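These are the structures in question, set out in turn.
You will see two complexes here that share subunit A, one where it goes with subunit B and one where it goes with subunit C.
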Partner chain A sequence: MSQFWDIYGITFEFAFVLGLFALSAFLGLWSGVLSLAPIAYASGAAYVSARLAYDKVMMGEANYPLVFHLFVGMVVGGFLAWITSFVLLRLGSHYLALATIALVLIARVIALNLDEYTGGTVGIPVPRQITTWHILLILGVVSVMFGVLRKSRFGYSLDAVREQPEVASSLGINVQRVRRYAFTFAGVLGGLAGVLQAQLVQYLVPETLYVELAFISIASAVLGGAYIWVGPIVGALLYTAIPEFLEPFLGSSKNVVNGILLVIIMVFLQRGLIDPRQFRAWSLKRKSRQTKEVAS
Partner chain B sequence: MNLFIQQVLNGLAVGSAYGMFAMSFGLIFATMGILNVAHGTIATFGAIAALTVVENWGFSFFPALLIAILTGAAIGIVTDRLAFQPLRARANTLGYLITSIGVWIVLIALGETALDHQIKTFPPDLLSWPRLVTTNIYLAPGQIWLMIIGPISVVALYLVLTRTPIGTMIRAVGFSDVWSRISGVSSTVVILSTVGISAGLAGIVGYLSSIAFDNVSVPLGEGLLLKGFAAVVVGGFGDVRGAFLGGIIIGVTEVLGAQYVSGDFRDVITFGLLILFLLFRPEGIFGEIKFGAAR
Partner chain C sequence: MSQLDVVSLTRQFGGLTAVKDLSFSVSPGAIAGLVGPNGAGKTTVINMVSGIDKPTSGTISIAGQDTSTIKGHEFVRLGIARTYQNMKMFHGLSVIDHVIVGLDSRRKTTFFHALVPNPIERKERAAMRDKAMEFLKVMSIDHLAESEATTLPYGLQRRLEIARALATEPKLLLLDEPTAGMNQQESSEVAEVLRGLNQKGLTLLVVEHNIKFVRDLCQEVTVINFGEKLLSGTPQEVFNSQLVREAYLGKQRDERLATFQSLRAGTHRNINMGEFAS
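Now for the complex of A and B:
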């Protein structure tokens, strides 16, 4: 077991953090918004946290505690998301998706040009404070929060906004406000994940949190199933695990197989692997079978 | 002054590439709602295919251009049949995005294999005319062809979209898929021709810009894609003229910014522009209506 962990531990750590990114993408989707912006907020948050740690270490003092960095990440991510939401959420869905991609591109350019603070292309080292257990704990807490959210008033209004914004609005739900809350919370989550990712990589360059990661996190969310919080986590685990698993057999062509798998899963399971509607259908079927047995 | 003219011309050449790419990317997005992440890699494949026939069978410029178009269109159509067509029954932008990410991963891996992870270049004797050399101004043939074919392709595409039956059908599907089907528009014809035109155009862009920038590599297409996003946000994807103009604006500001402000600040102006457009003109220069309503 410990040997297994020595080899694959780091993979799992990345998978869990990808799970957090996927959850932040999922939160956007839950409010009916296709947004890749959390990665941009993650980048901002990671840079602020990394810079704080760097200055502290350069001064020869002890780094801030981990909790402080996580808190900073969440505040910065949430703040950036809240500010930008006023511009972004005005847009229609197609433009919104494009604009959030543009935001990720802009974040990189800003990081490149504020090289006094970010180290520009050279980057900035990030001292690692987290352990696997920290990441698991964070993922666990976030999952529980999503579980609670799902059955809350806010969760139901998110469902309504996603399915039919017009109807939701006629039911007295303020669609824009619900979306803004979800967007901001996605930013908080993105900031958190960004700090974790930076600490995992231990080095932050403008491309650490960039378009590829944005696409992968949204792919994980949809692959796993973007209708319940379990989905994105499962998606992220699979997305990381499958290439690792294929590596010994396929070597460098694993990416081809990986991409093809993504297409196949999307084509055949359009609602993703974990689909609450499917579970409901199964349990209904089982119940009806039981009632039949009782009747006969 | 000469330097200024030189840089404006350089910017126009780069901008033509961005503009053509943005046009082809935007056409698919506007008509079918597919945010095709793999589009840049299709452009790369246009260049790779052209390079292959030039190196192995000594094709000259125009036959190789034709190969680039055909390769782009073929990859586009195959991609569409395999990865997008199965999702059409319940068309949603999200599903398309995910399958296009899958296709993108596959194409990048194949492209890297085809190029052996190297950056290759076309033989210099492939294209020796027209070359513009005065005392202070120098334009390579690749750049000149970009500046010639760019505007031609906008005008051609605009005329096709507005003046021909197939163009009207494409715009009708862009406006409403269901309504156009009710009025007897064959969606298969529309989809195949849109993808063919758009991916073929991507092939052209990949080929011409790989000549102009002396660079056949996978990052070339990815760069086009990112700048294409920017151009589409500036120009709007709903109108081919807007998308092309967006590309020109991005290209010229990029080159002039690098010359007169600072090389490091290169992208700042481009993306500053992007932020301005997002704030004040989120639907692009020409807006969307022109493309939506069949007038």
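Now for the complex of A and C:
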């Protein structure tokens, strides 16, 4: 077991953090918005946290505690998301998606040019404070949050806004506000995940949190199922596990097979692997079978 | 004071005038009908009255209050609710969940209650389920509470849609073609349900094509054609009027002459006049 963990531990850690990124992408999808922006906020948050740690360490002092860094990540991510939401959420669906891609690109350019603070292309080292258990704990807490959210007033509003924004509005739901809350919360999660990712990689360059990760986080959410919070986490685990599993057999051609597998999954399970609708159908069937048995 | 007052309402989409200088009112406690041929602008009117669309000019007052500065999602507070011609169900949500969404404007919890498990949230959640169940019982679809809404038959989906609208506790319910795509049996069931709601004090405005449905149900009727009002009055007055018959069947004299001639020749198209017999 410990040998297994020595080899695959780091893979799992990345998978869990990808789970957080996927959840932040899912939150956007849940409000009917395809947004890659959380990665841009993650980048901003990671740089702020990394810079604070760097200055401390350079001065020969002790680094801030982990909780402080996580908090900074969430605040910076949430703040950036909240500010930009006023502009971005004015746009309609695909224009918004494109604008958020642009935001990720802009974030890199800013990081490159603010080299005084970010180290530019050279980057900035990040001291690692987290352990696997920290990451698992954070993922657990966030999952519980999503569980509560799902059947809360806000969760229902999100469902309504995703499916029929017009109807939601006529039922008294402020569609713009619901989207803004979801967008900001996605930024908070993104900031948190960004700090974790930077600590995992232990070195931050502008490409650490960039479009590739943005696309992977969206793909994980869609693959796992973007209708319940379990989906993105399962998607993230699979998205990390499949290439890892294929590596010994296929070497670098694993990416091709990975892509084909994803296409097959998406063709046959359009709503993703975890679909609450399917579960409801099963539970209704089971219930009707039970009542039949009682009757006979 | 009228429940709804529409005064010289106009809506233009680019060069197209969908509704032109339309005025009508609905008295409290009435079942009013808004009828007209396809493309007459009925749905456009409903959209403006329910706050989804804004008029180009003219005013809409609800129970005496002017709505020109009120945002779409705030119309609920004026006691307006509506249903849609194509029902617009939420995919993937169960029947009871639809009604819980409809209860949103009556909930007290905020976004922050949703982040950590807490007793306030839990209590409200249970209360909302009970309340939603009551509305399902009113529409007699409570036995389907856990089913997937989009898999229900048409008539039941319509009932659910009305339950969802009722959950906002409206004073005026707007119904956009409530019998679209329904057979005689289903549409008379809907009429029964609506009559029951009206007896409990709800004012209704029904947009319809189905003349029989409107004649049986409504007390006051407004007929529009090409976005303009033809006339309004009781169903008897309206449906016996030449003007309305012309709007539906074309210029009567020529049409009748043609029918007469084709009848003699034995080649007439079957024009269903039965609907108009009073």
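FYI, the second predicted complex is superposed on the first by the 296 of 296 C-alpha atoms of A that agree within 3 Å, B and C clash if a C-alpha of one lies under 4 Å from a C-alpha of the other, contacts with A are read in each partner's own complex, and residues count from 1 in each chain.
Quick note on the criterion: a residue touches a chain if its C-beta (ideal position, glycine included) is under 8 Å from a C-beta of that chain, and two chains touch if they have at least 3 such contacts.
These figures come from a predicted structure and were not determined experimentally.
Subunit B and subunit C, once both complexes are superposed via subunit A, fit side by side. Set against each other, subunit B and subunit C touch different numbers of residues in subunit A, with B touching more. Shared-chain residue A:256: touches subunit B; no touch with subunit C.
By the touch criterion defined above, A:55 reaches neither subunit B nor subunit C. Once the two complexes are overlaid on the shared chain, A:247 sits clear of subunit B and of subunit C alike.
By the touch criterion defined above, A:222 reaches subunit B but does not reach subunit C. After overlaying the two complexes on the shared chain, residue contacts for A:157 are found with subunit C alone; subunit B is out of touch.
Of the two partner chains placed around the shared chain by superposition, subunit B is the only one that A:101 touches, whereas subunit C remains out of contact.
In the superposition on chain A, A:171 makes contact with subunit C only, not with subunit B. Across the overlaid complexes, the C-alpha centre of subunit A sees subunit B and subunit C at an angle of 80°, to the nearest 10.
Overlay on chain A (Cα): least separation between subunit B and subunit C is 12 Å. No residue of subunit A contacts both subunit B in one complex and subunit C in the other.
Listing the residues of subunit A that touch subunit B in their complex gives 29, 34, 87-88, 90-95, 97-99, 101-102, 105-106, 109, 112-113, 115, 120, 211, 215-216, 218-219, 222-223, 226, 252-253, 255-256, 258-263, 266-267, 270.
Of all residues in subunit C, only 50-52, 72-77, 81-82, 84, 88-94, 97, 100-102, 104-105, 107, 109-111, 113-117, 121, 124-125, 146-148, 164-165, 167-168 touch subunit A in the complex they form. Interface of subunit A with subunit C (complex): residues 144-145, 148-149, 151-157, 159-160, 163-164, 166-175, 181, 227, 276-277, 280-281, 284.
Subunit B makes touch with subunit A in their complex at residues 29, 33, 35, 37, 82-83, 86-87, 90, 93-95, 97-99, 101-110, 113, 226, 229-230, 232-233, 237, 264-265, 267-268, 270-271, 274-275, 278-279, 282-283.
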